[in-house]
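The structure is given below, and queries will be raised subsequently.
To keep things simple, chains are lettered A, B and C as they appear, and every chain counts its residues starting from 1.
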Amino acid sequence: MDKVITCINCPVGCRMTVTLSDAGAFVSVSGNTCPRGAKYAEQECTRPLRVVTAVLPVPGSETPLSVKTSAPVPKELIPEIMRVLGKTSVSLPVAVGDVVVPNVLQTGADIVATRELSSR
Amino acid sequence: MTDQHVDLLIIGAGPAGLAAAIAAREAGIESILVLEREKEPGGILRQCIHNGFGLHRFSEELTGPEYAKRDVDRVRELDIPVRCGTTVLSVSPDRVVTCVSPEFGFSRLSAGAVVLAMGCRERPRGALCTPGSRPAGIYSAGTAQRFVNLEGWMPGRRVVILGSGDIGLIMARRMTLQGAKVLACVEIMPYSSGLNRNIVQCLQDYGIPLYLSHTVTDIHGRERLSGVTVSRVDENRKPVPGSEICFDCDTLLLSCGLIPENELSQGAGVELSPLTSGPVVSETLETSVPGIFACGNVLHVHDLVDHVSSESFRAGRAAAAFVRASSPPAPVFTVKDGPGVRGTVPQKISARPSEDVSLMFRPADVYRNAAAVVECGGQEVLRKKAMIYTPGEMAVLTMKKEVFESLPDKVITVRMEGEKQHG
Amino acid sequence: MTQQSEKVFQSDIVIAGAGITGVSLARELSRYDVSVIVLERGEDVAEGATKANSGIVHAGYDAKPGTAKAKYNVLGAAMFPALCAELSVPYRKCGALVVGFDDQDRQTLEELLQRGVANGVKNLRLLNREEALAAEPSLNPEIVCALDVPESAIVSPYELAYAMADDAALNGVRFHFDQEICSVSAAAESGWQLATARGDVFRCRVFINCAGASGAALHNMISDQPLQMTHRRGQYYLLDRAPSQPFTRTVFQCPSAMGKGVLVSQTVHGNLLLGPNAEDIDDPLDTATTAEGLASVLARAQHTWPALSTRSNITNFSGVRAHLSTDDFQIGPVSGAPGAFEAIGIESPGLSSAPAVAVDLAASVASFLSLRKKGNLVPPRRPKKPFHDMTDEERAEAVQNDPAYGNIVCRCEVVTEAEIREAIRRPVGARSIDGVKRRTRAGMGRCQGGFCSPRVAQIIAEETGVSLQSVTKCGGDSLLLVDTVESFLKGGAGND
């Protein structure tokens, strides 16, 4: 089975054709012009990963807390991660890098704060 | 009223102002004051909570607030005063600045040098003359971003986005992640000016359709938006009758261009370029008014904050040199846009630049396997080949400072060489 | 949201409509010893044509001699300088030119000159091409003649209306907004009874119809001479301020049967206005702009100003005017309805005429009710000069006395927090984003509220004691925000 994707690593945006086995395993890629493209193609077609960023409310702060996953996580988990955030409570104060949800959904990545909120 | 003199006054504590302040302090200037109208420094980065910042400068992918924190922390470390909640009202050609804040009252400050770092603003609906009703629910993408990311409020539930520049794409994802339904992203051009990465990660990831060569041709809803009509456009960007699609939505986000915010610059008598809507500057980032420098989005709209920082470090160093009264000689070279090139900055260069000169511009179209060429007096000075040049990404050509000693003419031209994708 | 209540209100007089006609009349009547209630369908003063017109105080050459339009235009225009000074409303006598492109136009201009003289307009003069181009070099060089109208002026129509309303309120007039009148009927003994969509009832001795585009509907509820009203929509471009605008004077083209035609004019705040076209529509509340309408305004404005570019356009809007088949105002007692009066069919020159119409009509009503004038009047508000217009010294003093002057909320128009709070606290104060906008100019600049609307919304919420979620753009269902990020995240307020 063949998939056509556009590389996102640089503005060239090579259109690559990725061949996968029936079981969905990576077989080969063509159309890339650098090895980063090949690596991206393989990852994206077998197990696409994303860094997820979001805001969540913090009681006592008008400004919500901005957070991110500390590493890219499987793309299909994004909706579930947002649901986890919906059930997460954070309290002031918060420092950049504070872990808000450790090892979210067993991905190995934490959800960490990306802005500082002080308890005025 | 407080009257005060500072050696260096910087207007704006976003990434541009902060970098200029850091560079000036590191160059030895003690008396610096940064004025910022928001309650906290960081500029627009405060509301850009997505990642992708700092890859070039820090070799890390940071979110906007994290990138800003690096510079805010450094400014604190260097003990550079930043006055927040302060709005500058005027800048005079002889570098007298008036400003106002609830805390400090009205101040008139005279400055040895001024750095303009006010950033840019978004085009409103009026710039597009989109017909229809004028209900609540129509926002610029940046205003919606502020509501969601800084104030904790959702502007709507069912969203259409007009404009596929990066801000529109980012907000498509943001609204979706935070629980709204984004129905479509509509783009009048036949291509998106946003990064491929954002097309994939903001639209494709969420199944949001991108309508190229389309625009919003009618708006419905008396009090609150109830829907928009979208039409296909022809090669002259005129709506094609009969091609209308209707979307039921309560929110329309406009991402239709950014304009440098130069009202203060105009008041100071600074010459503006109609191509960039920003000041005309030399390679030191000095404007046409001696001692007034400009950097960041107020000079020209950037895509990468890393470039804003390097440009602003340059401006800070130059402003510092000016304060120490070792002002650069008058510029002798003029830089012109040749075919395929738009808005090259700087527009002027001095006879003997003290540093290598970075020419920054946007190609007027998409070019593949093409070259950007710098010419002077009929001779080729510099050629930079690349697999792609695209209007969505500012190009940078660096001319070594030694080159300027032997240029044959006073006019330097930058042009594109190669096949345009869209004719 | 319209709330249902069921209150009964009593007053001597009810005025329907808080546009320029209604508030001018309310202010005049507040000089008498009488209770007055103004009922307004919208959420604020000036919600109809008053906020969406050209802002011209016409000299009065256009109206046919002997008509109510002619009479009141000239009388009213003469009252503007003193009135605007008294109420601190921006007004400027910038003059006007009516330009002609051919012999037919030349003839029309001569007729206008005659008409103007007959109506009592001063200083009208015909100019030849050279004189006109010397006066306004940016004009289309193809013009052949022009009528010079030094008496023509510009004003901010809604700022005038707000000031009139405040003055009326200070002197006892009560304003009821979000009150659409459903029925008007003669009350049992005498007087009138009105029922509104919210379920409230208003009883009064005298009812006065100043309801603009809804004027005919109300008239027909009570009069034995039903009226047909045409709703005429006009669309506009508003261009940004600039170091220099193309024209000092207002520039008109020759009028036609549909109206005065497309003009190019500065506004009192230094913007440039293009428009209006004229299009008869069914729905008097349909103030949408259309591609065709805007294109037609542009084409005609270009005829006056060939170098026109919409690059600096910051917004478009439209207003709906009420037009009667008599082509005149209808002012005075309502036929077949003793105790009912009206000032309807108020299209151009309605703004210019309003102060004079108010004096006359108030006198008629006072005579009908045998009213006495009040001994004491509360003097008009003397608002502070806008921060935008202050000198450095004045600014320093303002901030020293009130730190809220140090918080610039609207950066494009330089409007401070102090002024926004004041706009909400005024006698007839703002309660919405648009209400603040039109009273202070916050949101009327080149970014059209992109920067300031979150801040203005916050101040409205604080001042009016509502949550940010309840703040509206212009009343009713025009909410800015739907819910908190928190609600969406927890899944309560999420999408379909």
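Here is the rule we use: a contact is a pair of C-beta atoms (placed from the backbone, for glycine too) under 8 Å apart; a residue touches a chain by one contact, two chains touch by 3 or more.
Nothing here was measured: the structure is a model prediction, and the numbers come from that model.
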item: Middle chain, criterion being Cα centroid separation; value: B
item: Most contacted chain pair (by C-beta pair count); value: B-C
item: Between chain C and chain A, distance of the C-alpha-averaged centres to the nearest whole Å; value: 53
item: Averaged-CA centre spacing for the pair chain C and chain B, given as whole angstrom; value: 38
item: Approximate Å spacing (C-alpha centroids) for the pair chain A, chain B; value: 27
item: Residue numbers of chain C (touch at least two other chains); value: 484-486, 489, 491
item: Touching two or more other chains - residue numbers and ranges from chain A; value: 55, 57, 64, 82
item: Residues within chain B bordering two or more other chains; value: 148, 151-152, 178-179
item: Of chain A, residues touching chain C in the complex; value: 55-57, 64, 82-83, 85-87
item: Parts of chain B lying in touch with chain A, wherever the complex brings them together; value: 46, 49-51, 61, 63, 65-66, 69, 148-152, 177-179, 195-197, 199-201, 205, 387-388, 390, 392-393
item: Partner chain A, residues of chain C touching it in the complex; value: 484-486, 489-491
item: Residue numbers on chain C that touch chain B, as the complex places them; value: 237-238, 243, 285, 287-291, 293-294, 310, 313-317, 392-393, 395-396, 399-400, 403-408, 411-412, 414, 417, 433, 446-451, 453-454, 468-469, 472-489, 491, 493-496
item: Contacting residues of chain B [partner chain C, same complex]; value: 1, 37, 85, 87, 89, 98, 100-106, 108, 121-122, 124-127, 129, 131-136, 139-140, 142-143, 146-148, 151-158, 178-181, 217-219, 222-224, 239, 250, 263, 266
